[in-house]
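In the two complexes below, subunit A is the common chain; its partner is subunit B in one and subunit C in the other.
What follows is the complex of A and B.
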């Protein structure tokens, strides 16, 4: 009996973590799913049960679909830059560049990742600004002045302006993750490739890429779930505008919850985000559990 | 990008095979051009990455005329008063709030996570498996999904619109990541140290504070740095759960300031520079620990 009590007393060590997680992470997320079946506003006293109405609203709401599309766009472009280009960048840094310079370049490329999204977002809204912005002036300087425009004020370009900023901020971050993974590949494999007469490109394709599969999967997953969690940069740079052209799911949730006070609908959007991001993460765990490369 | 001729990098093999390519010129030249192109690409990328930040710093010393007239130039003089003005416009207050929340949540997050990791790795607590699953699930949950219920919950707890709200949330949402980070490190520690201590009659908390925690120091530093990066930059919770402008942290405060100052560009730039600096300095000092934390935390 005393033994049992003694054994349970060790729970003291995990208790704060478990309590905080259950109360502030799990309970709200479960509650969000429940609330998505009700129609209510922040000031209404009695939420009314409406079944799947909020989800039907979503299905027939063009802005909802446009937001989802923008998230997908975000994911695709980010995959090209933050996985594709970053991988090439990491390989070039590791294989071609001299040691000392390599460190300096790595640091430079990583610096934007240390800056908050708000700072980066405001800074880029200045870069895109038609009055003082660097972008239009730089275009003018290289003879492309006809392309100059109000990048964030134009519904056609606003979302790409935000996505562009995001690539600037994150490409160095993922490149560094790849660099670390490349450094873990045993040198002998590269020596062997060299002896077999493989050039840089060949080595990259047949040694680096296959052996980085684990890290690549991880970065793909991170990039994709990141693309569905986008919020801060949109709020700072465009607030979803002009005329909802740059809304994403998260900002559309925020808009419905705190601006138009349709909490039930916002909860339904939240549940959609939950399903998407949870599936992506679950896929990651299943994939990485199955094929962990060992050496 | 790189030269595609496989023989270019291995002159010996080429000589052995004695193929038709002239011994010196061709591949050497091609390799040189290839290398030169790579350098050019790397340099252009470095400029693209760093230039907006330099522009930010330079512009924070300019006056409005220079911001418009000489966007690419250096400031004519160092106008420190831009920073004073930005400070008075709210940056100092936001900065203080950010420091409080960041420092506080570093303390609570690393402490609770280290406790949990100790319980899971060393004490073999009952139902440890489900706790690990609970933490794993916590890694996968998106903060915005909890936003609406949290709004009500924090009001009921009377911590809505206080810095406590941020402290609690920044801790709760980061415990899963931080615990896994520390746990992965603790698993690799040799078990015989605390076995010896138990024989000497040391209690569990003595072992934790005097043996385990000091041994975990490198990973605790990484964990603290990553938590600092997170808390300093967090936006969603700070936007929704603080309404009082005196309580705003930097990310939300800066956005506020942007709409207030409108076209007072140099002061805006000065505010951005002040907000960006601490994490930049911290990163340059603790680069190693940063990177270890990032990659360790991802792998396990």
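What follows is the complex of A and C.
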């Protein structure tokens, strides 16, 4: 009898979370998939079933593929900076920099992460301004004036301008995550490495990196999912332009849903984004489970 | 443990299934396109709650609408006005979400053109012909062209709230220094004047096209000049649009010439406001802007004294051999529509009558600088001379060329928008742009 009460009590505790998840996460996902098989707009009263048409449209839509490519670019560059560089930065902060400076530097690196994306986007729009922007002026000042560009107005550079801002904003955040993880590594391991004659680089490669595997995986998942869910930065800085050159999947979804009123196609793009981010997360979780390090 | 997990999963799945079934299928429950006819006569006793949504959240404009709502509540103690104001861009999202979920407020804002027509076709707008039609007493208070902008198949669905048109403003001092006696009268003159202004050290036209719409305004006007009106009307209609007339390519080429000969470089990387600043501080000689922006060209609006005291405007000139309507003017009113499903339609109409009475129309022009379509609302006391001159000029226009991005279907508009950005940075040719537009028009035609 007691066990039964215990079981019911468990359900009572779990139920609110389950209901919230079902209503706000699982139901929208399922319904989004259903809606991707219809052609409908916010103004239409009768959605028409079109089968896989929205997915075929995506397959033949050059902007969709360009958006996907921009997301991949976003992910690769973010991995290099927000995982690779942030890891090195964290190790340098913890192992090389004097203790007095550490706190100040950590704060300086972290400050951009506390600024809202909208503010950072507007700030960087000024930095990239072709007439009065800091970047072009800085390039001119160091004799690289020939590299000055209309960074956000040129289809070749617009997406890199946005990605650059994103790295500036996020690198401090991921570096701090790595700092916390490094601080959890037992000092004896570093001392043992030192006794064995390992220098900073060897210690970083043989002690720090292997023991940060779980945190690295977490940061990789966050960075990659973030790269496929990016939206605000693009909307604030370029709105996907010029000529759709800086569209990513989320902005293309938004564009189709709210500007061209093609909600069915937007739902199909939403499903594609879900499949990509879900697969990335699932794959990485599986890989980490297999290679967990314990001490 | 495993059993518990399976049970949890089963419970979650069952709950999901139940919820999905309970919530039904969004977007499938629709209202009939031709709803019941509404009684729009002023109610004998005014009471109830009226919901309104505008796109005037900008602190410069919002207070006027708040004041009107409060004044209406004071005059009618039984009425509560629930006013929501959102920004220009977020409004486009919000109104679509409200439409899709069938929760439109009683009164909602709309741009003229296909944007408004979507509500009408979707059965979401009340036919207001009986109260605001051109022969009604309320309808006669408006400029007829403004009223016509919200006409669909001979019926009136919108109440115009402001008047807007696109003009090229110019700095008279810069023109004098460049040896120009007055504004150009043809496109060829404009292009040659640009060379003289450059030689005098000015940026001929300040052009910021960061989000694409400023280029669209040029194309709206140039299409009107270069394509015969009947062809234009056929092509702007989603079900008949083809865009095969050579005038469209001509218009794109002319836009390309304006960008090359007259505008500052890197227009796509500059916001309209950043470009405008170069006109306001006297570095640029011309700027293509909306009548609603005229109040910016004052010392209060940020202009130097020299610019604020020495500016005038002209219409973007047409090529001398342009086959289209050379007297049409880019511009359109914005307006309000009444929800077809509103239970307070008569009260909503009464509120709109109040909002657009002469007193409030004059107040709007004075308080936020918006010219009103209500005749006689612009006076010496509430507007700058250039605004009044522009209103006179608008009255002489043969037709309004409604903004290309709201008059056409969104797919076609976006093809123009992306293409114009490509022309502005030299990455696309007019031929490539028109091919993309034709492709978008074919897709839209197929869907219509």
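Heads up, the rule we're going with is that the second predicted complex is superposed on the first by the 270 of 295 C-alpha atoms of A that agree within 3 Å, B and C clash if a C-alpha of one lies under 4 Å from a C-alpha of the other, contacts with A are read in each partner's own complex, and residues count from 1 in each chain.
Quick note on the criterion: contacts are C-beta pairs under 8 Å (C-beta built on N, C-alpha and C of every residue); 3 or more make two chains touch, one makes a residue touch a chain.
None of the values given here were measured: they were computed from a predicted structure.
Touch criterion met: A:218 reaches subunit B, while subunit C stays clear of it.
Touch criterion met: A:127 reaches subunit B, while subunit C stays clear of it. By the touch criterion defined above, A:137 reaches subunit B but does not reach subunit C. Touch criterion met: A:18 reaches subunit B and subunit C at once. In the superposition on chain A, contact is made by A:258 with both subunit B and subunit C. Once the two complexes are laid over each other on the shared chain, residue contacts for A:176 go to subunit B alone; subunit C is not touched. By the touch criterion defined above, A:189 reaches neither subunit B nor subunit C. By the document's definition of touching, neither partner reaches A:73: not subunit B, not subunit C.
Shared-chain residue A:118: touches subunit B; no touch with subunit C. If you count the residues of subunit A touched by subunit B and by subunit C, you find the higher number for B. Shared contact residues of subunit A, touching subunit B in one structure and subunit C in the other: 11, 14, 18, 21-23, 26-27, 31, 35, 42, 125, 131, 257-258, 263.
Those residues of subunit A lying in contact with subunit B across their complex are 7-8, 10-14, 16-18, 20-29, 31-32, 35, 42, 88-89, 92-93, 96-97, 105, 107-112, 114-119, 122-127, 131-132, 134, 137, 168, 171-172, 176-177, 180-181, 194, 197-202, 204, 215, 218, 222, 225, 228-229, 231-232, 235-236, 250, 253-254, 257-258, 263, 266-267, 270-271, 273-274, 277-278, 281-282, 285. Here subunit C touches subunit A in the complex through residues 8, 11-12, 15-16, 19-20, 23, 25-28, 30-33, 92-93, 96-97, 99-100, 118-119, 121-124, 209-212, 264-271, 274, 278, 410-411, 414, 417-419, 421-422, 424-425, 427-428, 447, going by the rule given at the top. Interface of subunit B with subunit A (complex): residues 1-10, 13, 35, 38, 42, 45-46, 48-53, 55-56, 67-68, 71-72, 112-113, 115-116, 118-120, 123-126, 131, 134-151, 153, 168-169, 171-173, 175-176, 179, 204, 208, 229, 232-233, 235-236, 239-240, 250-252, 254-255, 258, 263, 265, 268-269, 272, 275-276, 279-280, 282-284, 287, 291, 294-295, 298-299.
Across the complex, subunit A meets subunit C through its residues 11, 14, 18-19, 21-23, 26-27, 30-31, 34-35, 38-47, 125, 128-131, 150-155, 238-239, 241-244, 255, 257-263.
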